[in-house]
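In what follows, a structure is listed as structure tokens, so that the remarks can point back to it.
The letters A, B and C name the chains in turn, as written, and every chain counts its residues from 1.
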Amino acid sequence: MSSELARTLEALLFLSSDPLSAEELAEATGAGDLDIAGALAELQQTFAPGARGLLLREVAGGYTLASDPLAEDAARALLGRTRHSALTPAQLETLAIVAYLQPVSRPEIARIRGVNAESPVATLLDRSLISESGRSEFGAVLYTTTSLFLKVFDLRSLEDLPDPSQWDATADEAGELRDRLLAAGEHRAGTTLE
Amino acid sequence: MGVAELEFDLDVFSGPFDLLLTLVLREEVDLRELSLAEVVVGYIDHLETRGELDLEATTEFIVLIAALLELKSRLLLPGEEIDELLELEPNEAAEELLARMLEARRYRLAATHLGELLAAAPAVRYREAPLPLELRRADLDDAPAGVWDPAGLGKAIAGLLVRPPQLDLSHVLVARVSVSERISHLRQLLRQAVELSFDDVVSGADRMTVAVTVFALLELYKRGELSWDQAEPFGEITVRAMSRPSAGTRA
Amino acid sequence: MSSELARTLEALLFLSSDPLSAEELAEATGAGDLDIAGALAELQQTFAPGARGLLLREVAGGYTLASDPLAEDAARALLGRTRHSALTPAQLETLAIVAYLQPVSRPEIARIRGVNAESPVATLLDRSLISESGRSEFGAVLYTTTSLFLKVFDLRSLEDLPDPSQWDATADEAGELRDRLLAAGEHRAGTTLE
């Protein structure tokens, strides 16, 4: 059973993704420096190596909770599975747009999809399937696919991307793919207006 | 105070809003003679006196007034256009309206329930931190080759190329006059006079042309070519040119 | 001092942003169901209310760690935001429609509410209470609720939501309304306009 202050600090360290300094902890709890030091010492003991699944680490800038390396294999197994689980439709659409049009900016992806592309782009970046590559003339970040992308889709090069006309006859129409995608996106945005 | 208890003092009716609704539905107040603009103005007055915006009551009001407007617009349209506009028998229209009101009510009450759940949920927080870098990084060497089918990418692009079916509006609107036609008409008139009366613009025109002219007016307002004033509901609309296209750049 | 398996589970629960089911924990650790149940019971005890700064909660189809309400004031001071600032009636109504009808498109939400749903949908997406899940046959993006939705509303699963028909008008109420509307309709049909 920990003291109330130690319990509060544990919760704060759990919630914060960045390390917290003793001053920040004092400010958030309204406790004095000495009390904070005492509660931190208490937590040092609670989270002594080997005691729990989490470790209290002192890093530049303060204290942070981290998972014990003991769990690393299990964590890889767990997260690796999600990493290679199927892409959501939004992610697949976004990835396809980057693959066929690269380099392409996020506003352009959003125009084609007719909806905001922030979340799928972030996930694809996180999964290393796309990466940033420079900026457009308007200053927007441009995205391209990565070599990991080629590997997981088993493509030798971008030339090997399938021809979309086998699923949609209109893909055969003359005109730049980019222009036609943008036109369809605007059309879509127009008809989904309420 | 809810919308229901809101008091109105109108030409054809005075009393609370819920009674007005009941009377309209029982046809004891003729919707065609009821000025919905007055109802809206009355509601806005009420909002101003209260000095605060009750979003829930306002939403309710908007839903109700929209339903009344829809009913009234059906009533006002000449008989043969009802068939063209909505291929609905009066009883079908009533059924549809009923279903819609009941459905909206269901989710309004479900929303209230969600609000209660939210209020009753324990005051706990969840961690929203990104994974540590060493777990987040996908390693090229570790990545399994060919786990995903490239066909998925092609299908996704094909799907994005598809234009959704154009809504068939032919049964709704028999285009006797186009917005662009009305736009040029308005522009032409505004070249001759800085200020126009909307009544003059549409004098002698049929109902559809009047409606399309309003769209043209809105379009030109959006483009900053004109503005208008209307001192009171159903009052005269004065249309004013904002910037005349200069003779040099646009003939 | 906890068992090694309990420590590993604690670390996994700390790392994962989604609640983890006993099956997922078993799969990630390679441990048997019985062992997982034992380790979870151990963690239940470790994180019994009042013992620590964190709680083990069963929500959204799995187990997850959460901060103790004890730390709420300090957390608000530290993170500078309320847990989930109250949702507006429009947002709650939109969320209710998504929760019950998912997957559902924005035009469909607008049809039911009778008003445009763009702004509440954008806010709910922003707060990760709903997310995209594919497109309708007409190309409109479909939305579903997220596991954060279940967490925030303290639901184990969507099945915990009550049957919405309980809020429907009674047959009598609906019948009365129908009669009035029909009477109005017949009256109208008999009227020659202009």
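Here is the rule we go by: a contact is a pair of C-beta atoms (placed from the backbone, for glycine too) under 8 Å apart; a residue touches a chain by one contact, two chains touch by 3 or more.
If you're wondering where the values come from, they're calculated on a predicted model, not measured in any experiment.
Of all chains, B has its CA centroid at the greatest distance from the CA centroid of chain A. Overall, the chain located most centrally, as judged by its C-alpha mean against the mean of all protein C-alpha atoms, is C. Computed centre separation for the pair chain B/chain C is 29 angstrom, with centres defined by C-alpha atoms. Here the spacing of chain A and chain C, counted between their Cα centres, is 21 Å.
With centres taken as mean Cα positions, chain B sits 37 Å from chain A.
The set of chain C residues touching two or more other chains comprises 14-15, 65, 67-68, 71, 75, 135, 138-140. Across the assembly, chain B contributes residues 125, 127-129, 131-132, 135, 159, 162, 164 that each touch 2 or more other chains. Residue ranges of chain B in contact with chain C, taken from their complex: 22, 24-27, 55-56, 59, 62-63, 66-67, 71, 74-79, 89-91, 93-95, 97-98, 100-115, 117-118, 120-129, 131-132, 135, 159, 162, 164-165.
Across the complex, chain C is touched by residues 1-2, 4, 6-12, 14-16, 20, 24, 27-30, 46, 50-54, 65, 67-68, 70-71, 74-75, 77-79, 81, 88-90, 113-116, 119-120, 188, 191-192, 194 of chain A. Partner chain B is touched in their complex by these residues of chain A: 11, 14-17, 66-67, 72, 75-76, 79-80, 83-84, 86-87, 89, 92-93, 95-97, 99-100, 112-113, 126-129, 147-148, 151-155, 160-168, 170-171, 177, 180-181, 184-185, 187-188, 191-192. By the touch rule above, chain B contacts chain A in their complex via residues 125, 127-132, 135-138, 140, 142-164, 166-167.
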